[in-house]
């Protein structure tokens, strides 16, 4: 099985880290293709960045679709463009926030999320509400680290660790989710140090795509995720228009 | 007061109709600027189209912001990109789905929505849930009309009328919302024919922006709608990057 | 357009202040009629006071209806008797709690409310639940000021200010709503001092009524807000009975 | 134990019927005092009627309080003024809608409500939401009978029966609640005829008040139901003002 | 009327205390039969214990059913096996968590629960959600006392008292529920000392069963609580199989 | 990896079918152990049967735990005893209802469930509410087939097929879940015939356990799923008591 893991930002070192995290958990028969779009924001911190990550993300998904990959992971914790990806995709598409929350809910009664910047808090609260997880979500905490500092700042891991500990002690969270794809490398060691499950969404999404593909399930085309209707896109974006021959 | 009403698709006749609907309800001192981006999908029918409407929509909002308009209407019933627009905007930004539901909830105990295609139904149900309106929403109904047929098809108005009548009789809806900006011209006559309030989101959003601007309220920059962080955007999308001098 | 703003308590100085707040935001063509009923509680602090504010409130609304006003504001943050007013009214009726929450939700991801006495907290929480706003409401805070002390107590404004600051810092509220019509004069200066939107419900409701009237929307008579049925009221309250000739 | 059952409308025959229904289920040691206020609407059909039932209802409760009754039933299915009554009362106050839903939820997974007029449907749906019962409520059905026709119309019982049968067959309701105090006499026979529990709120509320009084529980004065604050009421309503010596 | 109060654990001293609490509130004509199954866990602290309390609990209920008792109380705050008991029972079955929350909601706007061990917190939060009480539940607090220490530890009552005070002061709870049948003897004195209603579920459940029986209501057999289907149970559990002649 | 799939009923042919369905989707390195307890109900149709399935189910899980299996599937659509199993288990425990709903929600906007008997409908609705899936669940439908007739009745598959078609056409469900482990063999062919994803919970749960184990996630012991406390169980059930040396 081939899974395309899209990093919707354009920071290659982060794409590499995400690919590594994905491969670390992938089943023997799974090939992970880690991709970033090459155009778009270097990091996604807020709705505006997320909006401009979509053209690149969807390019990647269409490319994967053309190459017949079996499923897709969108490796940004805001779960941007999942609906659009599902319209294009034949196989399943899983976002890392949804994946992490689903995994947490099956091994713990409640969880907290530790993310990067405070501005991400309402976004993640809204996602929890959309996924029916608001009751299980104790609190979203921000470690006050810009996304790219996760790559660069030697102290970042310590800040995340401190916030994970607060989630366990103050929120009484039974599990902690790391709320940024750039934290994927921290989950295992944080889980060991705290004795509480610490969940990385990238890994979780890879395993859920494997699960869905393994079940023979594809994205339903009977309603909200039906293929885009063929039509003209004007101007610069013309090449992005979905065409009849794109249909799956 | 100047309000920028963005039609996020690129069909000029629809932009004209939307502008007309906006001007029909605007207060004497309000100048309506109706704009479409010139690049992007000719109609928005699903998540994929909505994703590719965002670059153009945000271009328009940034342009309006540069020109100092007082507030913004996003004239597509999927309320695409509202969070991103709010990050960029100094003044208020209102989507037509949220506006219509807010208006309906203040004049009726319950409402139904009549939209274009069945694929829009889950999108609108999700928005109702996000806005805390799921209890008041009796049902989302599709008249089975592609968006652009609203312009072209002589029978479209009759189909919408039939579905509005069903909403009143079968759903016991006390008000009916027209779930597409392209239906803006039908609301008044449908309201008169049925004796039940029929609400057009374009008009509703214009009046709500006028209200918020009149109150001196601007989009809060204290959390989820803070200005985008200045950063580099790679490739084709470089020009869209938010810069320090863009800050409001 | 003429809007009747009813202060449901009988403290004339508060009616004057409310009228002033309403006129401060009203559009050029809007005439504000600020009225209090002359009979009933001098302030509304709890369910019992609210119950005895209803006869006077409804007298005012029926009087406004007879005079053909275009819409109504109920200027008490408990939103008392809104359903009854809507049954009587032809035009729209908006309560200041609902109006403030609707305004807040369009410019901020979350908000807190600062009200007068602790006993108001569960009332406002219940309203937030009724309006589908419980997810956006961070917290209701009481400044521990009796309503009429807002008129009399030189220190009241400072107490409200302190609580607004706590809402921003402790609750991470992106906007703050002032939870009493008697605080209407404080909103603008508090917004300026804190840099966060501070919302007064009286102003918000006036602008929302202007918006709804401007849209040509009237209260739906197709269900829960149909005109009262003509019938006999016994005893002291006989004159309040709705009659066939009252129908709109 | 003495329980005051207030019929908030002024139709003496209905008060008698309600008293009878209350006595039919009261425990041996319970004295039922059935009262109506003598002033106010002859029936409660909508929010406006309910508003004008409050002065009389609260007069009755204050009178009962002065006479030291142990608890109160408000015998109108809209549960009008419950909060205000609870502020005044030392003992527990139970509304018949809340009581019926609580009883239904302990003997059935789901229930429907059969009420009088369609205009009551959104009121009851709103109450179900307030009480956390929206999931268990299958549907509110109206038998299209004005309240006072329950007294007068020979065919009323048959209409109610027909609607109860529809609730069982079409809604798959496991229990049916009669949504009007004026239907109190029909519950037992309908339960027998259909083989499904049919619940009358008057009886349910009497038994719940007995239960709460028997537990030694009184209305909490620690928050939302604290005694009204002593203050002046202006004009006609002056005599209704709560005074320091009224405190319990 | 005879009510069977089942203590689903096997600690006789606790059964005695529960029986005493039940008798203390029972009406003159009510006979309380307090029973424990003789086999199963000595205390219920978590899901596993609760699972092994079910065979004994259901034995007791079937025995009560055979003897024609009128109703049942399940005296463990996790409300274990209520659905199963309702399938077997002709009369009503009430759990003490549901009973306590229902009672609290009728005398207070909000409540907190004080339970024994922290591991019970998510169980009780889940029950509150199931009963539609999540909005009224301020917080579940654990006094950190193993269940049987309530019998043995002289300091247990002081710890419960301290937590009740915190619930009132920190959570602003208007009522407090004692979240363990073993605390039944503490409610009255805690209520007196704090001046806030303190609710014991055992008493509440007894009174609610009396109420339902007094209304002539039986468990609905029209859906989710229909009698078990007669069938074979294999092995050790064969004797527990429900048979045709068991039907009510 | 070894996964223990427990059929909590005692019908060996169904255990075999479940084992087969599990093996059909298991990854190459996964060993499926399909087990039933040998004592308990031959089928689970309602709460009573589910209660008596728990001792056997927990025996199986403890046996698996002793043998060091990596994770557990509970193969009954009522998701009985999941919390208890999670207390005992080191690895993850997944129920087939939760698994199927999680899978459906990632490939479709909405789904319906087709189950066996009408009495299962409220049970499944309650589970959907517990899992935060009530918004996505269009309807639970019963094919009116006793569980064991799925084994015996030649017409059963046709009845299930008919109900799946109704779910697609009448409920507009974008995916359909088969609501009984005994239907596991029908999913693939129904999916092919209808063109809409049809989901079997057994397969879904196996793949989710594989996913969680593959992530190195174990059941959190930090709260609601901590190991049972060692204690004495009286009588027949003594051997089931959890002991210190059982701790993981």
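Per-chain residue numbering starts at 1, and chain names A, B, C, D, E and F are given in the order in which the chains are listed.
To be clear about the criterion, a contact is a pair of C-beta atoms (placed from the backbone, for glycine too) under 8 Å apart; a residue touches a chain by one contact, two chains touch by 3 or more.
As the structure is a prediction and not an experimental result, all values here were calculated from the model.
*Asks:* Common contacts of subunit B and subunit D?
*Replies:* Common neighbours, subunit B/subunit D: C, F.
*Asks:* Taking each chain's centre as the mean of its CA atoms, which one is most distant from subunit B?
*Replies:* E
*Asks:* Using CA atom averages as chain centres, what separation in Å is found between subunit A and subunit C?
*Replies:* So the centre of subunit A lies 43 Å away from the centre of subunit C.
*Asks:* Between subunit C and subunit F, what's the gap in Å when you average each chain's C-alpha atoms?
*Replies:* Each chain's C-alpha centroid was found; their separation is 51 Å.
*Asks:* By residue number and range, which residues of subunit B touch two or more other chains?
*Replies:* Within subunit B, residues 86, 109-110, 118, 121-122, 126, 129, 134-135, 172, 174, 223-225 contact more than one other chain.
*Asks:* I'd like to see which chains touch which, written out pair by pair.
*Replies:* Every pair of chains in contact is listed here: A-B, A-C, A-E, A-F, B-C, B-D, B-F, C-D, C-E, D-E, D-F, E-F.
*Asks:* Which bits of subunit F are touching subunit E when the two form their complex?
*Replies:* For this pair, the touching residues of subunit F are 10, 37-43, 45-52, 54-56, 58, 81, 83-84, 86-88, 118-119, 121-123, 126, 129-130, 146, 223-226, 228-229, 231-238, 240-242.
*Asks:* Show me the residue ranges of subunit A that touch subunit C in the complex, using the header's touch definition.
*Replies:* Within the complex, subunit A touches subunit C at residues 118, 121-122, 125-126, 129, 134.
*Asks:* If we count contacts the way the header does, which residues on subunit A are in touch with subunit F in the complex?
*Replies:* 25, 27-29, 86, 92-94, 98, 102-103, 105-110, 131-136, 168, 172-175, 188, 191, 195-197, 199-200, 203-204, 207-208, 210-212, 214-225
*Asks:* Show which residues of subunit B lie in contact with subunit D when the two form their complex.
*Replies:* Residue list for subunit B touching subunit D: 109-110, 135, 172, 174.
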